[in-house]
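Next come two complexes built around subunit A: one with subunit B, the other with subunit C.
Coming up: the complex of A and B.
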């Protein structure tokens, strides 16, 4: 029976002042899949995307997004980005962060790279529309193995104490 | 504009530097496209809602009850 592995490759906690982006470079090619866990808060009142890109390339990206909150559910397509959902902003309750799991299977293959994103934005409140969930089917239409991953604030910056953990998952 | 962080997964080295002009331009372009996509979606939703309201009004004018209109148009 094959033994699976689930190892932390690298992590980063954002310091004072925030950052525009976080890049994991020289990603080891020895795993089968990658899992990225993100906890983020954005430097804009209403919150905004953290966008995902690979190998320093910001083209051939798209995302099909399904989101819902108390009174509405909807979907739309991003034609040029893979967004991880709208993360909490400065108008959210203090110390609240959006949370996303990003799964990237077969990241070393020569096929196009699919990405699954499961994200929530919660505001420490039980009132209507104080939380929502966001699901994204992302695609990078490129045959290159993924060697670096960049997470970029849509327009502003990612605030202090946001965290990024990159895990490698191996079949055997 | 805030700095960018690069974490080298092989060495563990963490580098912090200012964004390059190219990175700023790419981020702005991506953000603009994302906003355009969201606006296109909102416009499409608004057009559907407008057509639905129009259909409901016309059905009501034809004599259908509110329940009948709801059964047809939702």
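Coming up: the complex of A and C.
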């Protein structure tokens, strides 16, 4: 049997009361790439970002976003954060969570760290701004290997039953 | 009993000195889909990342690119093109390493034309976000992939890995 090269490193499920952030610490340095899968719901009416940072550092981050909602598509740049997109909030239907895939290649290198994010939230509502699709290019302009990953609510908290799964992928 | 591995590295190339092309030859036909992960930096701005399969440089490719540059979203379509696109036409970063995931669906099926999906992220100044649907009008199984740039080289430290995904 071949050795698995796509492995779950760690997972976290948010409990009652929610949390302001989730951290994966002591990320093993034995993989080539990381893949983070997020299902989240936010403690604010219209939803908000979950923001990504590394190694406890919240500087030298930027994100370039392509997003679509209702009948519009547009783009903007965040000059100081990598947002994973706007996750569902408390005005969304119950049990409704946004999801995101976050791919981080070559995370142990001394290069600046590039991040690719695909995110959606859906709510079966015809209201403007009730559902989004986000595609984001993120960059952490630092040469340190990634040893911890933190996901932080933009202003409020991440609600119960939100989930975070971190996978490692080896290229050999 | 452990389940069989279904996401398997086929080959990886880490660039030791600048090169214009990267080739994956003799791709095994034992998987269902392929995933190519590129983490490249370019030597010259204003260039894209492209690919050709099976040595085909004919006008047998078409694509639709959805992209954004930080201020606007746009779409472009190309037909009878001579390559498939991994990034938009100027998407190769030169100040950092970008992230590009390219999926080759049903690559070994010799009864269908091939669809190739690429998702690119380059947050450089002047960078962009891309989603590209490529189409190769050929039923041959994909056995080789040539990755290149429309100008300049891939710089030292650029990394390219081809994975196979088995449906069973």
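The rule is short, and it goes like this: the second predicted complex is superposed on the first by the 161 of 172 C-alpha atoms of A that agree within 3 Å, B and C clash if a C-alpha of one lies under 4 Å from a C-alpha of the other, contacts with A are read in each partner's own complex, and residues count from 1 in each chain.
As a convention for this text, a contact is a pair of C-beta atoms (placed from the backbone, for glycine too) under 8 Å apart; a residue touches a chain by one contact, two chains touch by 3 or more.
Everything quoted here is computed from the prediction, not taken from an experiment.
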{"item": "Side-by-side fit of subunit B and subunit C on subunit A, or clash", "value": "fit"}
{"item": "First, second, both or neither for A:171, with subunit B first and subunit C second", "value": "second"}
{"item": "Which of subunit B and subunit C A:109 touches, first, second, both or neither", "value": "second"}
{"item": "First (subunit B), second (subunit C), both or neither touched by A:66", "value": "second"}
{"item": "Touched partner set for A:99, first subunit B, second subunit C, both or neither", "value": "neither"}
{"item": "First (subunit B), second (subunit C), both or neither touched by A:152", "value": "first"}
{"item": "Subunit B versus subunit C as contact partner of A:35, first or second or both or neither", "value": "neither"}
{"item": "First, second, both or neither for A:74, with subunit B first and subunit C second", "value": "both"}
{"item": "Partner chain in contact with A:52 - subunit B first, subunit C second, else both or neither", "value": "neither"}
{"item": "Smallest separation in angstrom, by C-alpha atoms, between subunit B and subunit C in the superposition", "value": "8"}
{"item": "Intersection of the subunit A residues that touch subunit B with those that touch subunit C", "value": "74, 76-77"}
{"item": "Interfacial residue positions of subunit B with respect to subunit A in the complex", "value": "1-12, 14, 16, 19, 23, 26-31, 33-34, 37-38, 41, 45"}
{"item": "Contacting residues of subunit C [partner subunit A, same complex]", "value": "2, 4-5, 7-9, 12, 37, 39, 41, 66-73, 93, 96-101, 119-124, 127-129, 131, 157, 159, 161, 163"}
{"item": "Subunit A to subunit C touching residues, read off their complex", "value": "1-6, 32-33, 62-66, 68, 73-77, 103-106, 109, 111-112, 114-118, 135-139, 141, 169-172"}
{"item": "In the complex, subunit A residues that touch subunit B", "value": "9-12, 14, 17-28, 43, 49, 51, 58, 74, 76-81, 83, 152-155, 157-158, 166"}
